[in-house]
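Labels for the chains are A, B, C and D, by order of writing; each one numbers its residues from 1.
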Amino acid sequence: MRFLSDNTGTVAPEILDALTEANHGLVTAYGSDPWTQRLDDCLSAYFGTAVRAFAVATGTAANSLSLATLTPSYGLIFAHEEAHIANDEAGAPGFFTGGAQLSLLQSPDGKLTRDVLATALDTQRVSVHTLQPKALALSQATELGTSYRPDELRGLCTLAHEHGLKVQMDGARFANSVAFLDCHPGDVTWRAGVDVMTFGATKNGALAAEAVVIFDRRLAAEFGFRRKRAGHLFSKMRFLSAQLDAYLADDLWLKNARHANAMARRLGEGLARIPGVSLAHPVEANEVFVGLPEAALRGLAGDGFQFHPWQAEDRLLARLVTAFNTREADVDAFIASARRHAGAAKERVA
Amino acid sequence: MRFLSDNTGTVAPEILDALTEANHGLVTAYGSDPWTQRLDDCLSAYFGTAVRAFAVATGTAANSLSLATLTPSYGLIFAHEEAHIANDEAGAPGFFTGGAQLSLLQSPDGKLTRDVLATALDTQRVSVHTLQPKALALSQATELGTSYRPDELRGLCTLAHEHGLKVQMDGARFANSVAFLDCHPGDVTWRAGVDVMTFGATKNGALAAEAVVIFDRRLAAEFGFRRKRAGHLFSKMRFLSAQLDAYLADDLWLKNARHANAMARRLGEGLARIPGVSLAHPVEANEVFVGLPEAALRGLAGDGFQFHPWQAEDRLLARLVTAFNTREADVDAFIASARRHAGAAKERVA
Amino acid sequence: MRFLSDNTGTVAPEILDALTEANHGLVTAYGSDPWTQRLDDCLSAYFGTAVRAFAVATGTAANSLSLATLTPSYGLIFAHEEAHIANDEAGAPGFFTGGAQLSLLQSPDGKLTRDVLATALDTQRVSVHTLQPKALALSQATELGTSYRPDELRGLCTLAHEHGLKVQMDGARFANSVAFLDCHPGDVTWRAGVDVMTFGATKNGALAAEAVVIFDRRLAAEFGFRRKRAGHLFSKMRFLSAQLDAYLADDLWLKNARHANAMARRLGEGLARIPGVSLAHPVEANEVFVGLPEAALRGLAGDGFQFHPWQAEDRLLARLVTAFNTREADVDAFIASARRHAGAAKERVA
Amino acid sequence: MRFLSDNTGTVAPEILDALTEANHGLVTAYGSDPWTQRLDDCLSAYFGTAVRAFAVATGTAANSLSLATLTPSYGLIFAHEEAHIANDEAGAPGFFTGGAQLSLLQSPDGKLTRDVLATALDTQRVSVHTLQPKALALSQATELGTSYRPDELRGLCTLAHEHGLKVQMDGARFANSVAFLDCHPGDVTWRAGVDVMTFGATKNGALAAEAVVIFDRRLAAEFGFRRKRAGHLFSKMRFLSAQLDAYLADDLWLKNARHANAMARRLGEGLARIPGVSLAHPVEANEVFVGLPEAALRGLAGDGFQFHPWQAEDRLLARLVTAFNTREADVDAFIASARRHAGAAKERVA
């Protein structure tokens, strides 16, 4: 009964099976195996354009290696103040780039807007005494469970490019956004102007696998050098690539994301109907941020539900994350428990 | 019929089973799972002393993170000129430390000697204009398939410590050395003076798992920060730890290493009996370096055998690596093919 | 008639004379000369405690090298949001440390308070997923021309030390604060708990010379390595040290600072008496931040006065900086011009 | 009577005068002063092509900043094993680049040859597991006091460019080479293919001033960012630029270099005539490397002469460095003393 995160769960059976299936025969190490060899093709087909794809095992590696490929050590990277790279990766972008920094921007629901970026670009003092603006980092889905629409991304990327910035996208929950938007993966990436993205699988059923997808293929060689040098090139690479292979095969990515999204939507709708309970952000992926009386939060915890408290500017929220294997019964139990505890809290107030 | 490397192979069935077994239930991410929680205890029991152990997925990560914990950016690291960190990790130690450098030493059979280190320490110019000696990096087994004896290590570590150096050990093939020496793992690590080591499992049957074992436990917190910051902390950490768990359980590490070593020994002995063929180094782990007429090398390749050519100072060798699942029949076939081609080469010369 | 900065000016004649005097004879390079050899003694006498002192040529070098000696690459450094290291050094702390970051705090008049720091330390999320708090960076005088009192510094340093932070002080305008406070230099440094400071001379009459003063002398060797490695060890070091020597001799530092401070005070008092004109911060060193009607700012510029506009949160200020050689007549001319233009602006409004 | 180094000496009077002359009036800080503004023009005229020039204060800064502009963190830099960047700059290239490394090559007299570089490029293993060759670093004059001829440089640069390497030149003693070769400065730099060079003045009479000269002007902006970020942009920049201005004016650079060279030649010729004494390298700048009996070395030291012992592969040499202000009488006294002590040493042997 955990809604802590989508990285606390198990591996999707299809992906575990793929590991077993890959476990025969001798192949050349470090990527000269059939699974890795077809990775570019698989992801090119997926995105509808020729890409270079590199498998790594963690989201932090994927984000930092791609940012280091896009920005020099003296670079400034614009990002939302809620971004994972800003809050949960121990300063990894600074380590991988040799000291580049983030400029954090505020806007509602975890989504940067063209206006917010425009203001930042206009007011950012730039001289030889400052870092040099070099990249824009976006997350799809965002850290607050919302999703950029294609035209929102196009606006941001166009503005970024006009100012000489490259655009990176953290797609740790990319499948959830595509499932929510019901769009083509290309619509919210290269067609909108994204230069490099991380295509996450771990949170949506893989054991540990993310693909860095390079739309601007001139950057590919450098990325490869950086990956190796940072210890992120696996010798038995087939076991990374096979995960991604299975993740893309038979639209497993979409099936898993749709389920997780459906559970989040059910959770959000159920909670929103409880008097005194409100959602902090629209539910546009597999996360629900909900405001509950503190007594209700304690009550839910007492009932054995697990979730992260989330400190918003003005109130404490509960962050609830669903996954490819979240059960409807657990969602309904959570809602029932919340309703009971919220009601009790209200009575006490009355 | 590949003798290319021990990282081209499959995963030992016991370890794949462990992944399947670990794949149930929700656990907390990033290491608060039962498998990871008992890692310290497992490796403390293994080494016979209280250690801190950190799982990572690649040898380059293990080596570089441990070196970065032992040496500042202005540090000099002594290592054998054949060391993996010097030749096969794309300068990773320089990246992880922020610019520390290696001072490479020569000595036979890939093994540093106390005398060679003593001379290096005596003749190394040290001033504010130079890097500062800070660490000694050893490999057990060495890159040339040899193994340090406990007293050899003690001599090296004592000298290093007397000069204020910390000692790191690359144990990518550690199990093979322990199996060859038939000693206690502690005898060739902490009892000899090693401060931090990487305990490799990937080359001996794991999918992708190495433990960094910290004997000087004051260094543990810093190591943890560095691991996360470099993107080497897994969210679904249980699947790294479960590999190491299975690797240590029922002495799988030893069983696998003994088999690989036996195959290497058989290969070495068989080849050494062929007229005109000679071993370049004693076979003390799972690698054989053998001098063969060039025509014989081509002949073996023509028969479908795969191996790395290895440029020694004066001649071209073949490097043959065995693994936990190398088959006796393949070894014997290789010997027979070598005998045939070496004989033919000899006749041509005559 | 420039009030742009105290680094736009000339070199004090005493310091230029010292260069000429030092220009005879052969001495050993890189600091084995008499001027450098007595630097530790000179600054120990100045501060009233045994220190190690290292000369460098720029404030950015002094700040970044000292911060790199105090904080690891995974460290977090608390500083005021107006700090020079945050806004005017092109991310140098990130470069020198290998990726450490600043956590910027807000408080009035450019001065951190114990409460603000306490709140930051309490609310800063710290885990393996974040940077680790390692240092507090203070400026004396501050970027807004104010000065910490000894007890304010003691409170900040004590709190920092209790939380395991080291304390660095940017003393680019240190002499101005000591002159303003009329205190002993030790009172606002080591006696208050500062671990390492930069003792600036360039802004107060030197050509290019700052001393990094290390109160915690165990850090001295590391600092020396870092200085050389960053290209900040001069071969003809005598010419750096001789500047500092002359700066300390006959209390030149104090004479110069007192004059600059007196000019700033005169400027501030004169401007404050003009109707509609207000000082944004107390004048406690050699800087004046003044709010003037925009038309008056334009008028002053038209009269040939030069100064930096300074964007405060709610209004545009003029920053006026005085120096050791600012002339009273120029100060008075500025005040007269300001009065004239401010009056005109007022009439236009009426 | 010191022949220790050309950086132990005084400042040429013309340069000290230039500092005094520059010491009037207020100018804008950080390079918007007349001296700095004309630096590009001065050095463009000097080299006979349009260049960008950046003043810094030390040779280590000049070398490392220029190398960091030419090579990424994963780059490999080819250099002679005697290069200053390899032996005397505390690993600065690794720090400034974020971990790039040197590949050191051997060849006689401190001069790389096209053949040696060709062999290195051919035999250097390059793959994703290695650093990537990115730059060639040359020194003119070399560390052993020899000078590349224009065609030698053209051969090296052409080969380097064919392999995708950029070429950097350490010109700490550039004036000495140009004086010796009696060529145009362009002949041994951009016309030969050098991309970026450091134009040293400190060893030839400046207080502390080197110009980084960028022939490939697209690299200039990046260089400027890196200089500031490393603390090498001076606020009172006029005093750096004025040194270079005076150094170029009235061919002071050439006058000084010719004198130093003449003294070195006189020293070399005088010593070479002593029986049992031999020069280790041709004297093609302002350094003499001479083999003397050890007793003679001791005798010279006893007579008060100072010089660096220099450990060559097979014997101990004395390194003697002359400067713009070395006196003929001291040279002759050294020769006489050497003759006396060498004669005595010979008699003892007999």
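We take it that contacts are C-beta pairs under 8 Å (C-beta built on N, C-alpha and C of every residue); 3 or more make two chains touch, one makes a residue touch a chain.
Remember, predicted model here, so these are calculated numbers, not experimental data.
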Practice problem: Quick one: point me to the chain whose Cα centre is farthest from that of chain D. | Solution: A
Practice problem: Check B-C against A-C and say which one is joined by more contacting C-beta pairs. | Solution: A-C
Quiz item: So how far apart, in whole Å, are chain B and chain C when each is placed at the average of its C-alpha atoms?
Solution: 52
Self-check item: Centroid distance [mean C-alpha coordinates] between chain B and chain A, Å
Solution: 35
Quiz item: Just how far, in Å, is the C-alpha centre of chain C from the one of chain A?
Solution: 43
Quiz item: Among the residues of chain C, which are close enough to touch at least two other chains?
Solution: 73-74, 89-91, 95, 98-99, 128-129, 225, 228-229, 233
Self-check item: Residues of chain B touching chain C in the complex
Solution: 30, 72-74, 98-99, 128-129, 132, 222, 224-226, 228-229, 233
Quiz item: Inside the complex, what are the residues of chain C that reach chain A?
Solution: 73-74, 76, 87-91, 94-95, 97-101, 125, 128-131
Self-check item: Touching residues on chain C, where the partner in the complex is chain D
Solution: 2, 4-5, 7-11, 16, 19-20, 23-29, 56-65, 89-92, 95-96, 202-203, 207-208, 225, 228-236, 239-240
